[in-house]
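So, here's a batch of structures to check.
In the two assemblies presented below, chain A is common to both, partnered first by chain B and then by chain C.
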Partner chain A sequence: MKSIVLDYARKNRHTLVAIGICGILLAIGGILRPGFSSYKNVLNILSLASFLGILAAGQTFAVLSGGEGLDLSVGAVASFSAIVAAHLLGPLNLPLVLVLLIIMALGAVLGLINGLGITYAQVPPLVMTLGMIGVINGLSLVYSGGQPTGSATELLQTISTGRIVGIPWILVIWLAFIFIVLFVLKRTTFGRALYAVGSNREAAYISGARVEIIKILAYSFSGLLSAFGGLMLLGFVQGVQYEMGSSYMLPSVIAVVLGGVSFSGGEGEYFNVVLGAIILTILTSLLTTLNIGEAGRMLVNGFILLALLTAFGRAEKMRQ
Partner chain B sequence: MISSLFNSRISSYFQNKLSFLSPELQDLEVSGPSLIFLIIVIVISSFFNPNFFAFLWSNVADILPLAFAALGATIVILSGEIDLSIGAAISLVNAVTVVAYGQPNITGGQALLIGFATGILTGVFNGIVVAYLRLKSLLATFATSFIYGGLALWLLPQPGGSFPALFSVRYRSSLGFLPMPFILLLLGIIFWLFYRRHKAGQSSISVGGNAEAAFANGIPVPRTKFRSFIVSGALIALSGLSLTCMIVSGDPNIGDPYTLQAITASVIGGASLYGGVGSGLGAIAGALILGFLKNIIFFLGIPSYFQEFVHGAIVISILVVISYVRFRGE
Partner chain C sequence: MSNYLQVEGLSKRFGQVKALDNAELECSSGEIHALLGANGSGKSTLIKSLAGIVVPDQGDIYLRGEKVSIGSPQESLAAGIATVHQDFSLVPQLTVKENLFLGAEPLRKLGFIDFGEIKKKADRLFNSFQVEIPLGAKIADLSVSQRQLVEIVKAFSRDPDLLLLDEPTASLPSERVKILFDTIRELANREMAVVFVSHRYGEVQDLCEKATILRNGYSVGEVQVAETSKDKVVSMMLGEEATKKNYGDSEKQSSKAKSEAKSSLSFRAENVTAAAGNVEKVSFSISPGEVLGVGGLQGQGQETLLRALYGLEPTIEGTCTLGKETLHIRSPREAIRNGIVYISGDRDEGLLHSRTIRENISIANNANRPLWELIDVDQERQLAKKVIEKLDAVYESLEDPAWQLSGGNRQKLLIGRWLIKDPKLILMNDPTKGVDVQTKEKIYDLLYSLANDGVLILLFSSETKELISLADNLLVMYEGKVVEKLEGENITEEMVLSASLNTGNNKND
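This part shows the complex of A and B:
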């Protein structure tokens, strides 16, 4: 009996450690600020974490594809889709489902551009997606002509902030989202090919996977998911501003690192990334309740990433 | 393609006759295309502006911070690493300088020195993290960029502060008939040429090209990488200081666009992001090209909310085209 438990613990240690960290952070929060770890607040935190979780899903696809994959444009795509959606829902009054499809298509196209640059022009993912941030932010300006208009419709607001039997809708959506992502990654040909391409490009190529197409699809997915995240964010924030999503860029990378997704590709679980997103959101909430401003949060995030990298990502020492 | 032309005929001729100039010739080989492109851009710019030379000098003043940043980026890229914290470090240098000046009994000159020290410290920190902690520079400098950015924001929550206007005047003044920024640019180029010849530059290039082989040849890899981050830190400090003199105020986000632009300038100048290949001369040319392009966009009368998009699209297109050409050409 004991060996079964230990075996399970060893195999899933990453997940267990993450859950443990969540618990510890919530406990610390509860001590420092009474009410922090109340059921109501935990639900709030989980709702907040959903936005990060969605953007981190896109990041996961990009990182899994291998070759130091990274998508720095997730925040920018989210911001852009929020601006477009606000306009389509508001002044143009289009139905929500249509708007959803439109912005997901837009996100997919932007991700496609990333993917094309990375696979066919061999631009390193970092540089390509970093450059696209400028282009996408520029597109936001062009689309809105300098004045973002519109806001979320009631339906969208209800989805992002309302509840069903006491549970926030956004959590329900996120749960469904998690299932879909896990399904795509684990049980579809695409998902398995993605893991194969990420972990060993040549082997995947030899066994017939179209490596370039898979990579391009991965980045398109990243764009698509980020756009979806932007729409949800719009519903939550309700107003629209420029660069709404930019504060999610760094945390999405940290969540992916926390989740054990390797940057050489092909390794990692989205489920752990979800836990990573939750941990980060608890931390951010904690810092906010302690009145630590944006500067402090940036510092903390930077140090956390450094600490994670030191723990998990050191290169070998050179020897004769 | 052009480099192979140089390679086969011209440079081997010169290498025979002038082999002592070989580092410089290799440098020209790498940076050649960017220098040619720079001349083209200058010619195009001159069509847009009749009063070209005044325009040229004042633009060099604006572009100088980017030129220094691009030089710093190139030095790191040559050694096989990358520095994503350039922009944040520039913001930090700016913030520190302005806040230091705001303290009682600190003169402008002292504030500049404190700012310079800050820049070097960012180089030291990056260097320790990448060379000695052996973290991969991509994510590590991504992380440190938020540390420097957070510090800058903490020191200067809002743009503000002031700096003696004297420095702005001096910055745009002339020594004889050469404008100050131009002199500083020349100093940068001279520094690069020295670095390339010096053991520091040479070992950096071999480490960037093949770290294992360099190590096997006795080159102390960690120390070399550490050194390149410090040199880069000093250059980034100069970038931040010249920016501060230019705007004579503080802005915690002022450095943000510099990271991508410095890396792009470096790549335009011939640097390979895999390391071992690159040119500071080319990077400076790249910075000038990007700066002049910005002006051309402005002078084309494109509406302001289009400008960011056009600029971003051009930068990305340049990166894609250069990358594609190099990749296909191999």
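This part shows the complex of A and C:
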């Protein structure tokens, strides 16, 4: 019995450690600033984490696909889709469901371009998606003519900031979102093939997988999910600005690393990325509440991240 | 004490698995000592402990009677130990030369590395193996047998006092094995101690005087090879009961006697020519119930032929028909759709190292289904369990990543995954590489029963003995062409050799 428990702990060590760190950070916050770890504040923090968590889901797909997989354009896609959504909802007055579909299709197309460039033109993911940031920001300017208009409708605002029986709607949505992402990754043939291609491209090909299509789909998913994140963000911020999602680019990568998703591809769980996003958000809120001032905050943030990343990054040595 | 190496009570656990459990090993200078055991019995773990890659939980290692602790590969090298690893220790992105120098510590002497000396030795060794591997080539671009040679040369060029060889012959063709053995003997004559791991008993008889046998991580005993027999050794490897149950049975069934094949599909290939140029106008046919072998000297296009038939190598000419159907295969996916599968001994090419055992088997199904279909994990688990137990694989849990398995057990995943597909034609490229004696017998039985059921089999093996004993008929290839087809029960190694040499000589005249 004891050994079964130990075994479970060994296999899920990452999850357990991540939950532990969340607990420790909340406890420290509670000691330094009473109220930090109250139910209400924890719900607030989780709500904030949801936006990062959604964008980090896109990042997870890209990193899982292997071959130095990475999608730096998640933030840019989110920004652009927020601008388009605001315009469609405001001036054009389209219904939210339709806007949701249009926005996700738009994100998927942008991701598709990334995927095509990476597979067929063989541009390294880092270069391709970095380049796409410029392209997408340019598109934003062109689309809005220099002056983004519109704002979130009341319904969208309710979804992003409102509550149902005391629980923020956005958390309910995030929970559903987590289930869908886990389902796609764990229970569909696509998810299984994505892990296979990321783990060993050659082996997946020899087994009959259509390696290129799967990679392209991974980046399309990344775009689609990021666009969804952008829409939620619009509801949260309410007004539109240029590049409102760009501050999520780096954190989305860090959340994925904290989640133990391997940069060699084909290994890692979205559930742990969720925990990574939560850790990151708790840390940021903690440093904000402490009023340390910008420079100090960045320093402390940097050091703690470095410590966490080393702790997590020292994953077991792979093949010997 | 005359023993150069003495290992006492060595133990190592990985989670619940006791990879080593009080293992003992002794080897003196000038001795070539065999280390034998079934797949997963701890041979590689013992070797890795001496190479500084695995740190044992318990036990002592003595070199020249002095207790040593080996905490890292550098310390192992510094102690005069060089190792040929089963999974190779080469960095794929680096060149042959860079790999040869990698980790070269200033052994003995002065405090600097004599790169010139290493290169000279490497050149000499490559020469003696009669191979031309450009020193500037990237490891990733080499074939498995070339990589195996680089790994060997890398270890030999360090001029160690103790040489550890973990299945150095698994990926070598028979001709090279002879040269390797001559080299090893020469080194042993110069007082080098050698530990040699192999699943080919013939090699052990050829090379070694004494052997230590491991079972489940402990040393069952040390034997004089000349005074024992293969059956005795195998029963030591398995333990008494297991022997009666498995090995005895399969021995009886391993005859080529065939009943009438159940299916009547046959396969024809005509004028198959690979774009790479090393397969030219190859034609043959396989009839139901037949195991057709492709043999000859190493690298005469045999592997390229199999890969071309599977859609892994582009072809510029050739038609293949299966039954009445003409095939146009440009990718593995199309091959699989047509009932053709490919089992390779190149584990880097076939395994999803970081994924679970279960996923490594079910990928044979999953990679070919529509992407939106759902996965039934329970069914996956049952299928995986069924095929992998058929092959006697040693594993702890189906949810463990494949890299945790021992080399031979990993190979069983590559075979097992295609057994869930009901193929019509199986292309086998060294399928039993690294698999232990008794499981090999099982695989041979399986192969015959598949052939009996009408599954067509095209087999290449780097071990000519295995090829001859398994194949009903044998295509001998030379420079990409089929130069002779040997038929019937009584094909011998000499016949294969002379078929290839005759052509070679005629050409030179």
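The definition used in the following text is that the second predicted complex is superposed on the first by the 291 of 320 C-alpha atoms of A that agree within 3 Å, B and C clash if a C-alpha of one lies under 4 Å from a C-alpha of the other, contacts with A are read in each partner's own complex, and residues count from 1 in each chain.
As a working rule, contacts are C-beta pairs under 8 Å (C-beta built on N, C-alpha and C of every residue); 3 or more make two chains touch, one makes a residue touch a chain.
Just so you know, these numbers come straight off a predicted model, no measurement behind them.
Colleague: Now for A:142: first (chain B), second (chain C), both, or neither, which partner does it touch?
Modeller: A:142 contacts chain B only, not chain C.
Colleague: Please indicate which partner A:120 is in contact with in the superposed arrangement: first for chain B, second for chain C, both, or neither.
Modeller: first
Colleague: Does chain C touch more residues of chain A than chain B does, or is it the other way round?
Modeller: Touched residues of chain A are more numerous for B.
Colleague: Who does A:284 touch here: chain B (first), chain C (second), both, or neither?
Modeller: neither
Colleague: Answer with first, second, both or neither: which of chain B and chain C does A:188 touch in the superposed model?
Modeller: The second partner, chain C, only.
Colleague: Go through the superposed model and pick first if A:130 touches only chain B, second if only chain C, both, or neither.
Modeller: The answer is first: A:130 touches chain B but not chain C.
Colleague: Using the superposition on chain A as set up above, list the residues of chain A that contact both chain B and chain C.
Modeller: 318, 320.
Colleague: Going by the contact rule set out above, which residues of chain A touch chain B in the complex?
Modeller: Result: residues 68, 70, 117, 120-124, 126-128, 130-139, 141-142, 144-146, 250, 253, 257, 263, 293-303, 305-306, 309-310, 313-318, 320 of chain A touch chain B.
Colleague: Which chain C residues qualify as touching chain A in the complex?
Modeller: Within the complex, chain C touches chain A at residues 15-16, 48, 53-54, 87, 312, 331-333, 335-337, 342, 344, 348-355, 359, 362-364, 366-375, 377, 399, 403, 417.
Colleague: Per the contact definition, I'd like the list of chain B residues that touch chain A in the complex.
Modeller: 82, 84, 129, 133-136, 138-140, 142-147, 149-154, 157, 211-212, 215-216, 221-222, 257, 259-260, 263-264, 267, 273, 304-313, 315-316, 319-321, 323-324, 326-327
Colleague: Which of the residues in chain A end up touching chain C in this complex?
Modeller: Per the stated touch rule, the residues are 3, 7, 10-11, 186-193, 195-196, 199-200, 202-210, 213-214, 217, 262, 264, 266-267, 318-320.
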